[in-house]
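Same chain, two partners: chain A is paired with chain B first, then with chain C.
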Partner chain A sequence: MNGLPDLPTKFDVIIVGAGPSGSSAAYLLAKKGFKVLLIERGRGLGDKNLYGGRVYAPPIREVWPQLDKEAPIQRWVTKERISMVQGDKAITFEYKAEKKISFVSYLTQLTQWMSKKAEDAGALFVTEVTIDEIVMKDGKAVGVRSGPDFIEADVVVDAEGVNRLLLERLGIVERLKPDNIALGVKEILKVGANNIESSFNLNPDEGVAWVIMGDITKGLPGGGFIYTNKDSISMGLVLHLKHSIDFIQNGKFDEHVSKLIEEFRFHPYFKPYWKDAIISEYGAHLTIEGATHFMPQKFAYPGLLIVGDAAGLLLSTGYTFRGVDYAVYSGKLAAEAVEFARNNGGFTYENLQIYDKNVRSSFMYNELFKHRGAEQLMNDPILMSKYPSILIKVMEKMFEGEYKQETVYDALMQALKEEKVGPFDLISQAFGLVKSI
Partner chain B sequence: MRIIVGMKWVPGTTSVRIDPKTGTLIREGVPSIVNPHDMPAIELALQLKDAYGGEVIALTMSPPPAIRGLEYLIGMGVDRAILVSDRVYAGADTLATSYVLAKAIEKIDKEIGKVDLVVFGQETIDSSTAHIGAQTASWLDWPYIYYAHSAKLIDNNKILVERVLENAIEDWEVDLPAVIATHMKALKPRPVRLLNKIRYKVEKPLTTWTNNELKLDPRCTGLKGSPTIVAKTVDVPEVPRKKVIYTPKDGEDAAKWLIKTLMEDEKASKALIKALKEGGGK
Partner chain C sequence: MSTSTQSSEKKKEEKPMKLEDILQSDIWNVDEDPHIIVDYNKCGNCKTKPCVYLCPAGCYVLSDNGIVFSYEGCVECGTCRVICPLEAITWNYPKSGKGIFYRFT
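Let's look at the complex of A and B:
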């Protein structure tokens, strides 16, 4: 049929996408003796990932107990910073944590590590191949097609990531809408390990995760971030697309995103951290916001399981993003469902539905619904520019009085008046914010 | 037909930066790729195989990371690949490289089967010498045609090669075995195929030859076998830039601002006035 006899054209499981979710599912299934084909569109392993940021370890350790010892971890996050910025002024909170809950990593390196493990465990791993469609027969996924080649499988795991071309073609999800999408732009600035440790006041394997609010995005809904790698700093912006488009259409904003990140890099409050640095990499990536709207109707279809970003399993609360650990965990649930099906009479839709059930009863689903109002609030331009502005004004009145200094109470009342916010509005809005984030 | 196609694994950019302190290339963060100008050569070899049957063997002399490039070629449909890799081949100029390649081709011809055709790309993006095809043909004493756009077999031991030049199209009848180099714009390469990639993983149709297999005199290979002498490299010092960003209202504003800013600078204004005088400007 294919002119290449003696090649396997039938697998137990085909996994499309070798990111954290796909690699985790492939690793667990291969270890259990399933015949697995893991297919990656990128050139290397997980080439399409740009995320260089914070990854939460506990759910990942459930699949990869060797994570802490073996994985390419840049630094463990022991310091959390949140800054509010207005013009050149800034307020920063810092929290020094005790436990090693999250680490900074380049996702390309982390997924390379994972997919290599999957291959070592026996998964057949191919790169540089784009899958054109998940092939359906009588309403059931039966394999994948790439160009002229069809490969058959009992179960197809869709781990294609945020841009779900395959699921769109199947009519399972709609085209990406700006409402659910944020644009991340990032630069990696080489500064040297010693500089990082002295300027952030860190021990050698410790790192900082830093979230920046206020007018660092020039009023666009979104925020800035800074993460410390071993010898470089990742910095960048996340912008909510829907609101950004509105802003541009209403003439409130007409600058290119590259200029925004440039201004962030030259900001007098942050610039000293990367003085004399070389920009070693830059790029952009899409990420999910409003995950609960982004989810497919079901996580399991006949012959098909949807994992990771493709399943909308990414939590964004405005101050934390959790996608990698959710992806790994969903890969684990998918692998368990496949195993369950094999042990219970076959890969029927009935058996595979346990995946859907387990996702819905997992901590991920619970968390996503608990925080579901957060993106909306965090993207509320008034809320996100007004509060930093009030706080900054309070600080200004307290600390920048040349002859007299205001009491905290007077400073707050004056600031509220200047920003035209009543004290009761402040309390009720703050309560709404605290409740959902 | 048995066709050998040459491949070079090169840094994936034409603007590799140079470390100002050491004068060496900064390879960090620059992933390597199959030399893009080799792609038409690979496509031509595969088209000839599609038309006349036989096999296509990819050949490279390189450190082992080039295996990723060979995997890509097998993904496109190349039947097998040979990596020639040994420390004594390191530091080779084009003469020493083509010598090793020619000896590898002779070994293929003797041990795997009669070689009919060798195809190279026009040149590489990292050194642009275009020497390898011609030199390999010389070592083998086989005819050589370059800037090839297409080729077809006209009888069992003859091909017709079409060269497209700036002002002429030439057809050449060439006796086999022969070496040809394709024009960089000759053919669009085919994409990799899923089944070919699976085949690569299952069958691993890849052989590595070191100097244990080729048994070449180390005086003729690598740095020792390279008569090219880099007499001097001129390090062009980086000019400190002012890095001013100006957002003009329109083209006229941009021009005015540029002239004004340049005229304020002593050096720039002199250069500008000189250029205007020489160019006959006002």
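Let's look at the complex of A and C:
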């Protein structure tokens, strides 16, 4: 059971992992006429996938033009909310967007849809197979091994995800460290479509993406998220792991992480949105913060292309997170590189290097470097607890005066003084923040 | 903190749930063999023990005799491997489609 079922022993391309990047590469390669094997460790399609909840559509439409009509889209995000929370107090900004750029979806369903398309296009698909090793010969990837079974390919596409066991075993990347990694913990709360539409004031196909900062994480650097599905809410927390360890070490955090998410679920400001809801699912997944440090040295090696999370292609700015569209797009670039190699004399390293070049000249790479300072700032424990706190204090002084109300200026100056932040610090730090996020 | 002794019958969902109850919402196909091996000898030297707090599935429990690990309820996130200060964890994905089986997320 540990090995591969009876299959042809040689493929043009083997893709390890049927998430968004692997499925996209498989789909496009199969359409281009390649003999493709897509290998997934899960029992069914998509059943190991977990993310926050929102997908940006435009890069995905380049691979799947039928996305809007056919994909299992829960709701299009038309409202963006950002909240800062301190205790029971909260400040919320809401932006009503006009364009439908992103949607909420269950990732298991979305990847199921993508990998079925790949299968329909002619990719051979095996599930329940965990790959132990990408096999190298003379410095070139020549196939994969699962248990005793070896299958050969001209090109291996590594779409294994954030836990890069295979790349680590090859020595291509270092052992995963907590420095550029965050833990996402998520609950799916069934509330009913009518409840969502009335409590968030939405039309039937519209949805909300909501980012929460402040002490919702009990001071641990990170934040909360809420996304509206058709009849359920995805909510959870993202916690920066390096800082979390530091907090535990310094005795500043001594609870189980599940307690934090449950306190979020019972927070008086958020609870009314999922009143009486039952938890349909609980799960967790790692995510990348600081993609530029997480990336492998190269995206292409002899016989090997690295895509999706494994390649570090995930943007986290603190208020937007883009992993699925980046994964799909990198799958597209990988498929194009394989095609280029075939049309230009073979799958040589020289030819496959076009993938590396195209990733580096893509919008993704540019965006990741443009925002590279953001994760550091967004995870700065002082910055991220002080500023929400200052804003909350300003609001308190403006709105909760029983007899007198402060002017905005006085409220701000008092709040800065109480938080021991000088007006010039505020300006320079705010500038630094605005520049990178 | 309420000190009232007049306990009104509360519905189960009205207060934060324990992790073991939350995990009832998930489905596993548990492997016979563990996919994670913990070197308990190393755990003895670990002061921080971040796994006890950060493993989202609560697979690492602190007992009088140190860490007790169980792999059955693992959600395969990989957190423990990344945070273990002494690299005491040999971590693998479950074989043959075993392990957690997500339906939404």
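We take it that the second predicted complex is superposed on the first by the 429 of 437 C-alpha atoms of A that agree within 3 Å, B and C clash if a C-alpha of one lies under 4 Å from a C-alpha of the other, contacts with A are read in each partner's own complex, and residues count from 1 in each chain.
By our rule, contacts are C-beta pairs under 8 Å (C-beta built on N, C-alpha and C of every residue); 3 or more make two chains touch, one makes a residue touch a chain.
Model, not experiment: these values are computed from the prediction.
Once the two structures are superposed, chain B and chain C can be ranked by residues of chain A touched, with C on top. Of the two partner chains, chain C is the only one touched by A:234; chain B is not. Shared-chain residue A:209: touches no atom of chain B or chain C.
In the superposition on chain A, contact is made by A:281 with both chain B and chain C. When the two structures are aligned on the shared chain, A:244 is found in touch with chain C, with no touch to chain B.
By the touch criterion defined above, A:71 lies against neither chain B nor chain C after alignment on the C-alpha atoms of chain A. In the superposed model, A:156 makes contact with neither chain B nor chain C. In the superposition on chain A, A:127 contacts both chain B and chain C.
In the superposition on chain A, the residues of chain A contacting both chain B and chain C are 2, 43-44, 127-130, 262, 280-281. Across the interface of their complex, chain B is touched by residues 2, 4, 7-9, 37, 39, 43-44, 124-131, 146-149, 151, 262, 280-281 of chain A. The touching residues of chain A, when paired with chain C in their complex, are 1-2, 41-44, 46-51, 106-109, 127-130, 162-163, 165, 175-178, 181, 183, 185-188, 229, 232, 234, 239, 241, 244-245, 248-249, 253-259, 262-263, 265-266, 276-286. Against chain A, in their complex, chain B makes its touches with residues 28-29, 31, 72, 75, 191-202, 245. Within the complex formed with chain A, the chain C residues making contact are 11, 13, 15-17, 19, 22-23, 25-26, 29, 47-50, 52-58, 75-79, 81-83, 85, 87, 91-105.
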